[in-house]
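Letters A, B, C and D name the chains as they come in the text, with residue numbers starting at 1 for each one.
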């Protein structure tokens, strides 16, 4: 007969849960409000969600300060793991969401924004992602992953267009498959080590120094497939373009940033100990996948006719870049990963924001998709400022100095060089050159072609509102003056990454 | 004011350009001219307050940007870069002044001012990353100028120009990162400051690889054979002002970078690759000259002639001695002036007839005597007639390289023959013979505005041809220090023997070596 | 004395500038007079300098300012007036003054009158720089300068295709030679460390033969271009497209002799390398007879005279090559006088015949143009080297030199050439002035040239007559202070007389033959029927040994075609195509592989699974290899063993 | 014979394979969902067996989570399916390919 287990509350260290609980509470509150009094305006919910996200952000910051003082914190039966990565990732997740969410307050009103559930789901998703990064238990990762994914499926579908539903269905079915892979993979690890906590798995594997490497690899393979799907690595990327095209520009931009960073952290946790403990196979496979992802997605982006789809492929290639950082696996590269992603979010926020601003309810005549290149042609004549801002984001994405993304690229390639991955560095460099083409293509359309006759310039900013404009303005400033932010960011990130042992 | 004049030189045009958005359309040209003039005056002041006897960097400024990664904002100027900066300011000025009436001139002028910022920036930057920033940034305005105001193939030309250079310089970037990493290994701190790098002595095999990495970036920009094919398109499609700036300043970035980076950083590699590069240069000289001879479009002739002349510059740089390098730098300026003027002249006739086909013309000498005279002058300068600016540069470059190789110099010297061939035949086609084409019967001769741009250029062409001293001396001093640095740094005997030692006193050499 | 030097040097420049400022405006005689006056000033200054030198004054040497200075290279604008350069200055200023005055009349009806004088004076200026410079670089400035001016003046009537073509040909051919010259200069610099004549020649004493030989050869290549020596000779004949004063000044008296001047100037170098000297001499002799032979049949007065110039240059090089530098210089001077005279006379004739050049269309002009006839005849006599005119003292001296140095082949060649010279000179004299009138039937109404033109050229006449016996002594005295003072005396008086008289007789014979053949009232105008015209030799000569044809067909054409190939085939089809090809490959890969994004959900799922399976199989394979590593190695080693 | 861990693992693997093949082959959205369910549940079998084998409850915990998640997935999935069917009155995979390239 079992004797009652008694555990002191403070040993549970529930404070570690606080950041995740905030959005959950927020979500519930929103639903509650809607139940009590329906038909309230979206602005209310936006404001509420933003407020909660702010609290969340501050919570994360406080945990950051605790991290600075007394290092990594475990909690809740050692389920929670609040280390530097977790904090950085949460900061990015919440911070980025704060900027992406308000985009729904746009000139035209669309279906999703009129429903409170949208915001509730949004917050749930945030919570899920935060859980994902703040633990090293495969179970909790799984839960977080699925919570966020399920929320995302719905959010996409709520855009309420044929394409959105198609996108949601596709994403959903493939997500289910990925979930299967994930669980199978963790099953294998569990079978091998009898634990689902990454650090224990690592220690056990190290203890019997990878006796049955074959099974480890099988498990890794499944994990790789699952994560590869989530961060859209070739050949698991096929969902990405369709999902981006199907969902609203704001949501697409969000998808290109926030969920991925969470995944990257998880991948770091799981794979880097494998790489460092000499699983060459993983290194090779990752190398191949990274190169494939960068190069192929670039080539596909070359041939796109729709800007949003092009940006989808470009995001895939950027994800490939960042995976390279994980492959390299030095402190510098991990730092580079976060730096790169922060700068990338600033730029992508702007780029997708611009697309969102140019969103119109029904397609232009003779246009097959929402954001075809032609739609932007001659923009310099119709709305010069918008054209210049868009061009700025394109140049930044192309990695042209001194705009934001260049510094990320610089540091990332440098980390490759430092770690002796010369060829990889060259591949990255040349890929940026290839990528140059399709970003320049948009600039060519905007600056060097004549506008469509039905385009009087109002279309480009048709969906604009003060909020959208100010967010884009923020992104613009961030993109131009990134150089001044890089130095502090670098120190901050390096400290956190280094102190959490990556 | 003087202590940060370089930053002012860099950012004044940019700020002015941003203000330019507020300027009312009709007064834009005046605004542009005045801004460019102020900038030029500033650059002249720089020259005036420049100490010609000092060989080192002057007007240095240093602001750390990313301490952790050793990136800082360092600018400074020496005899090598001084005159190219002045030239850049000068050409932007006369470029805007002589701007023929184009559609949305406002954007054009703003773009030009932005371009000027990047140009000045490249030549005064003393931090590799800062250099790279301006280097890349300079592509964008040119992309826009070619792509928006160019000819029928403009988009192809501009994109090709952009991507080609972009790809090349990304390889260069990797090289820079390696360089910084080696410096980090050697000293334990990150630094991208060129002057720090100068103190770093690398083993030869590293030098070779890094040299190649940098070489690709520079060679595309110069452009060296076989990376030159973007140039004819760019020139062929660009509007006059675009070609002028491109030929006069942008091409010089590559050759300047060779002197600033490749030579002092990798003296042994430079020696190792001297002959292959010299052969490339000779191919550039002779081959492109022949291609130029085959052209039917006068602008293409001038474009290819630029490549040919850049070949001589490259040759002079890789003479690795004071005469050659000084000559090549002088030739950069000379070629800037002359080819810029030639493109302006081509623009003149293009504005009148909207064609550049030489077969369309003939007998212009009798219709437009002034035009013919100035064109003839520039043509003679371009074929290296003594007492014109070009001759000094070519003579010095060739005489410099002669110390390294007699036969190659003989081959390279064919420049003066083949150059004469294509230039004279082009001149003959355009200006001599009877006026056959009715449209040419009564073309107006040079207008005031055009003369405004061309007269100063002609004056410079002659003046610096007769009395190059004021320009040669500062260049010479800085070059001597560079050559000495190379000699002291070099580790292979080959390099030691090829690169002259200017400090005859062996003791001093040794101490200076210890100093590094 | 410096002041005179500067006057002599810059007066022509001022004149040129003056005329140039009027260049755009319409013809004004003033634009011709002022430069002529300034040239006369320059002439006077030169004479003062000459006087100074003759009266044993020391060499005038000034350094105006630095031109280039970098590294070890230091080049000033330095000018020196010594025995050699002062001679050249005299020749240049005198002839050019005369030609200027003459041209005022000759170019009277040309609307580009002002431009003409601008260029002509500019030429004189460059020529003065050439001869007065105290270093090789300065020489090169003048060298290129005269080239430029000759380009502009040959192509003066730029609406004529042939003129511009000839101009470019001249320029480019000279450029080819200039490259050699440039290389020579580089050699001098890197071996002696300076370009100043004095130091350079001083340093040369200590250099090894090979280097010196190369120096000599390359510098001489430069000389070959300007002096139109074989194989770079074709441009000179074509250069006759220019106005006749130009031909007289540039392509007879001054510029073409620059090559000789260079060799004479570098005598210290060449006397160190006699074998090169011998080569030069032989080439000179060859050119002498080669050019003379072409002059025999040509039907263009100016071209005949041009060829004779060529052959005389051959004489000069022969002399210089054999080390008789002062003789060469002397012949240069004498030749300048009578050849300029000859040309100007021809100019009169052309003027009279409205630019008709074919002597077979003339005949009997002597009646209308007596003065011109006398002048040209005397000039020809001088050219033929009849005692006591200038030619005798200069040209026969060269024969003696060859004879005394026991270069008998050269001697015979030159001797024979002397005969030819006499023949072709009097052939045209006879055809132009004597025999029956063939021009009135063609509607020409010749008239004598302006008086002042005739007056202007009379000094040349006088000099052509007296230059020989009056000047030889003093000239020898003067120049041999710089040049090796080798006296050339045939050892036995007997041989000397036999030689001299023999030569004279031979020449006179040739003259009579020419007169007899071409004064006959019934000479038939060549119309391609006569047996002589169809003879191989005649064809060979009239086509200038097919050399121009060869150049055009095999060099110019092939260059043009090669250029087109380079452009269309290599540059566009290979170099550029590769670049675009790479881009195209990338793009097409994208285009072809995008089909994997079929948009069909099953396909997408399939891709995911395929990815998984690939990785899995890799994993399994890897795992197996790791597990059975030893066995595998054993097997491999077994294979290896 | 005695049924050991390996049998369970083999079984789960087979089930997983079946699920996988189903995912590949099914053109009907509903059946596709079924296949994914099989996929997930096959893992549950294995988890249960392994947790017994290791003698700790984590595995079963995991299994429960998987079940829960599977359930919620079905909920969302069916929701999407219904909407899709409303709009297109079919649930054929090959019909949904408006976005490609």
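In this text, a residue touches a chain if its C-beta (ideal position, glycine included) is under 8 Å from a C-beta of that chain, and two chains touch if they have at least 3 such contacts.
Everything numeric here is computed off the predicted structure, so don't read it as measured data.
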item	value
Identity of the most central chain, Cα criterion	B
Rounded Å distance, chain A centre to chain C centre (Cα mean)	77
Averaged-CA centre spacing for the pair chain D and chain B, given as whole angstrom	66
Where chain A and chain B are represented by their mean Cα positions, the distance between them in whole Å	44
Rounded Å distance between chain C and chain D, as computed from the means of their C-alpha atoms	95
Where chain B touches two or more other chains, by residue	163
Where chain D touches two or more other chains, by residue	23, 96, 98-101
Sites on chain C at which at least two other chains make contact	583, 594, 597, 599, 601, 605, 609
Touch relationships between chains, expressed as pairs	A-B, A-C, A-D, B-C, C-D
Of chain C, residues touching chain D in the complex	594, 597-602, 605-606, 609
Partner chain B, residues of chain A touching it in the complex	380-381, 395, 398, 400-402, 406-407, 410-411, 413-414, 417-418, 422, 425-426, 429-430, 432-433, 436-437, 440-441, 443-444, 447-448, 483-484, 486-487, 490-491, 494
Of all residues in chain D, those that touch chain C in their complex	20, 23-24, 26-27, 93-94, 96-101
Contacting residues of chain A [partner chain C, same complex]	169-170, 173-174, 177-178, 181, 213-215, 217-218, 220-222, 224-225, 228-229, 235-236, 238-239, 241-242, 281, 285, 296, 298-303, 434, 437
Chain C-facing residues of chain B, complex	160, 163-164, 225-226, 228-230, 287, 290-291, 293-295, 321-323, 326-327, 363, 365-366, 369-370, 373, 380, 383, 385-387, 392, 395-396, 398-400, 402-403, 406, 409-410, 413-414, 416-417, 420-421, 424-425, 428, 431-434, 466-469, 472-473, 475-476, 479-480
